[in-house]
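Two complexes come next, and they have one chain in common, subunit A, joined by subunit B in the first and subunit C in the second.
Right after this comes the complex of A and B.
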């Protein structure tokens, strides 16, 4: 299955992805409505984009007493059926990454559904930090980032000329 | 109008990057806009501005009928009546004061392409040399700086670079999809240096964030030059074969020791050395890009020229991974500068800023305001502008308003009512980028594309139709023989050998010639000497510095004790472009209003916190703004930043329309001395 892979080393915390997701969820640009969150830590100059990984063994899915959480057969996305959700918030507690949100207005939980297979966050990611890729590709992508970091370090440590 | 679901392809013009877009329609109405995956520039990705064009196009406040100012306010009038009356009043001005008392002005609010040349053609056909635009406040300073050195503004080959250096540029907000290319290079191990007084979005990813004091970039550039010479790291063959002025450069650079650079810029000497090593190590695959941050200073062009020299010194010019010289699309030229030169009519600002007219055939907008108010050197009595909002975006807004108000005739074509339409005599509805069809050349990929007219409104004219109809009424219709914009596009395209039909079938663009690397090294550079000009005889003859001599910013040279803060203005925000888009509700949700960015130490010393209002006062005026305290490393102590374009707090109340870069004529807008009071 394909997931939204995040690369903090490329993210600039521009928030295009948050606005794109918020717009899909709510028709507005309030960050609170977005399922993808980008945290920026100025002191560390760190940008941390985080969104649902659609775990193979999804604790949110397992814990849901209303059986409102299921896996989409087409995309493999772990999705919430808002009409079944009882608003008990067990899934929020179960998710180790904080990727499920509770919508106080509707009284139900909400999360990334991969936009049915064309995630808007990826379409709006102008740095390329977000990529919609096969899970099998993840290791290669990660290695590419690590290799690049090592190349930079090695070059800089050579004490050029 | 079409019915049913449909996707049309075009280019986004919400900023100037011209990303490929898929426009989704239902029953002839645009319902969504997504990135075109076939387009070589954005490859399917798109910032959220583009998608929100839907909101702009169907905005309830769109101007969709011609408006005439009357004693009782705005009156809606038919388009023909508006054009008849405007032509009549322009003819009166022409008869009374001469054609040069009429100016045309293009802005960016509708996204400009070939329409600029239609406006230029109209002015010359009418007999006026006075073409004005926003370019004389953005872009031209860099165009000049690089062209003076390299004969063109070359394009950095970011994705193939081993080191990328951004000077006063923040691509994620200003050229969003350029960020993809930086990421691609970094994923191959490239290093990134960002020179910026603020920690911009892209600086968050920098290996070195060179946080220099505003306007001191030239000192850093000279310091790097000195290091390259000291390290023996410059490209001797390139310097020998392709440059002039190297001995003078070496001589002048001598005093720019890392310690001297530290004293001037605030950047530690060790960082200057590290930056030089990083760039030299990557050479010749060192790609630099300069942003608007360097233009709005009294030493802008000099600083940019100094930076441009580095490409030549490191042998990065005309080389993969360095900078590339692209061939322009062989489109026909619509302007009449060759057929009907009008320089003898003294285009406004030419005497003081001759290079601006020489290189760009631009008049100086600040000088135009003086001319309107003083009738010197001659009267400027009428202006016709499209998509321009100088009452918000030019420096010293009150004076701009006073000048525009005193015109005999001001005609503004725009999508919305603006600060400038508030003093217009006529407001005409302009066509947005999805309401007209035009040709665009993407130099980076050497492709030409044709945009699609997806929406039409009955009284909304495209640029060509407007200038054509006005020209016919003024007796200069012979210069506008094309039936409509499509006929014009066909004529413009002819020399490429491509047909409009081909472009219609490939909206993502068609290559007009294959990019070639090394052509300039072979054929010579497009400068007066044919070499890369570290020293410019052209500038020397005009009385300017031959070398890009470093001039300290005024706030460093002779600081004004009464105005201890240095204000930068105009840093781009993701969702806004100059004075545009403040009326898009979803943007307001995300970025609700103006603010002044301040260092925590300054906030503590002033006793202010987030949201407190302070007053900034310069010799020009004052403006009140809420404070935004940023992180310690996001701005330097003593510096402030305010983004322009907010009606509720217009920072151009304090910007200078009386202090300029001597070469480009760009106003001082990014190192303004101000005092700060808590309100």
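Right after this comes the complex of A and C.
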């Protein structure tokens, strides 16, 4: 399956992904409706877009007491059936990444559904920080990132810059 | 191999699915005292609030069991286990042989020793049948007395209030929700109940309940009052349905003790869910954590081990969340401080009415959040730290990193609805 991979180093905090997602969700540009959130840390000069990773072993899915969370057979996305969700909020507490939100208007939980396989956030991303990639490829990518930082650390510990 | 699962709730279903993840071939039979495909107890108050239809309570379809290769015996109670012959005794006289057994029988509402609780006007909110009965009791203008002030009690009270009943809550201890909230949070919720015209009597004992011939009820309290009512709901806690196999119990202690593998002291017999006394994430003595997420987790481990997968449970961490009287009320782990613990406390932070995080040597132990649902999201982010005892030395920085204020500021600007406002 493919998921939305995030490269915080490339993100420029333009928030276009949030607007694109919000528009897709609500037909409006109110960022509150967006399922992807860009956390911006002025002090650290860093920004991190956060969105559901559609965990292989999704705790929200397992725990939902209304059986409202399921995996889309086509895209592999973990999705919430708004007609089944009772609004109990157990999934909010279950997600260790804070990627499920509560829609107070409708009284149900809401999250990324990968837009049925064509995520708008990725389309709108201007910097290449978001990519819709194969989960396995992502694992390789992560390894590269980890390798690079390990090398950097090693060099630092040896006093080499 | 023949695996028998007793129960059709959170733990049983989770175990069945997990078992099939490891073993596609063995024969499985699921036995449940209640009828039909599974419904969710957690959803019963939502049905009473008319948030869900009766159909919306069911979390499995009839054909889901066949899809998972499980034969079902619905509407048949299991009465006992013969551990030597490895036989489950059913109420209709049949005997079901098993190689491995899972006891996932849940718990039942406790009946405190108050005279008169067997009267016709006295109800519980535990099963689908209970909820359907209560649905016809919930008539606008009727008077309801709720004994107890736990999650079930207050959700029943809220549903009743939303349906236009006059509601009184009687709690023996000095605060409501004693197991889920600290006194400060309980105070905020009490005020909300009061604003919604729910009468709350803490520090009060119900002495007796009388039902007259017309079906009307009177509750006598330790305060010397006699409260007239059309119905009483007893919700003073639950006790495990642990009598199937007395051999696996400890003397005078409720709950079937289980190892990290969810196996009982009887080899090949496992238990999961509300019925167990299990390991906790904190370590220390085993506890009964009668909560839905715990039942799901334990069921998973038990199911895998029924198939011989050799899994070990990391222990339960209590987590509670619900909406009551339009406040999201969430708590996690150990939220009442011991001596030497540090407490981070805040009131009225952008829609979060109250937030408390207890830490010991920089490690968060537990938390409470009340008000906006973003509080529950925050507790979700804290949960891995609590579970894995990971230090979080700078809490304000953590909250900033989580962009809590940003989230609160941008949360959907849905008007601050209150259920009581909509009643007037």
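The working rule: the second predicted complex is superposed on the first by the 139 of 161 C-alpha atoms of A that agree within 3 Å, B and C clash if a C-alpha of one lies under 4 Å from a C-alpha of the other, contacts with A are read in each partner's own complex, and residues count from 1 in each chain.
To be clear about the criterion, a contact is a pair of C-beta atoms (placed from the backbone, for glycine too) under 8 Å apart; a residue touches a chain by one contact, two chains touch by 3 or more.
None of these values were measured; they are calculated from a predicted model.
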| item | value |
| --- | --- |
| Contacts of A:111 with subunit B and subunit C, given as first, second, both or neither | neither |
| Which superposed partner A:54 touches (first subunit B, second subunit C, both, neither) | neither |
| Touched partner set for A:2, first subunit B, second subunit C, both or neither | neither |
| First (subunit B), second (subunit C), both or neither touched by A:28 | first |
| Which superposed partner A:87 touches (first subunit B, second subunit C, both, neither) | second |
| Which of subunit B and subunit C A:39 touches, first, second, both or neither | second |
| Which superposed partner A:10 touches (first subunit B, second subunit C, both, neither) | first |
| Partner chain in contact with A:125 - subunit B first, subunit C second, else both or neither | first |
| First (subunit B), second (subunit C), both or neither touched by A:103 | second |
| Contact residues of subunit A, present in both the subunit B and the subunit C interface | 30-31, 40 |
| Residue numbers on subunit B that touch subunit A, as the complex places them | 34-35, 44-48, 51, 162, 172-173, 176-177, 179-180, 182-184, 186-191, 199, 201-205, 207, 209, 231-233, 277-278, 280-281, 574-575, 585-587, 589-590, 630-634 |
| Complex interface listing, subunit A residues touching subunit C | 30-33, 37, 39-41, 62-63, 65-67, 84, 86-90, 92-98, 100-105, 107 |
| Of all residues in subunit A, those that touch subunit B in their complex | 9-10, 12-16, 19-20, 23, 27-31, 40, 42-43, 45-47, 122-129, 144-145, 147-148, 151-152, 155-156, 158-161 |
| In the complex, subunit C residues that touch subunit A | 10, 14, 40-43, 46, 51-52, 56, 59-60, 292-293, 296, 300, 319, 321-323, 328, 330, 332, 373-374, 376-381, 383-384, 400-403, 406-407, 410-414 |
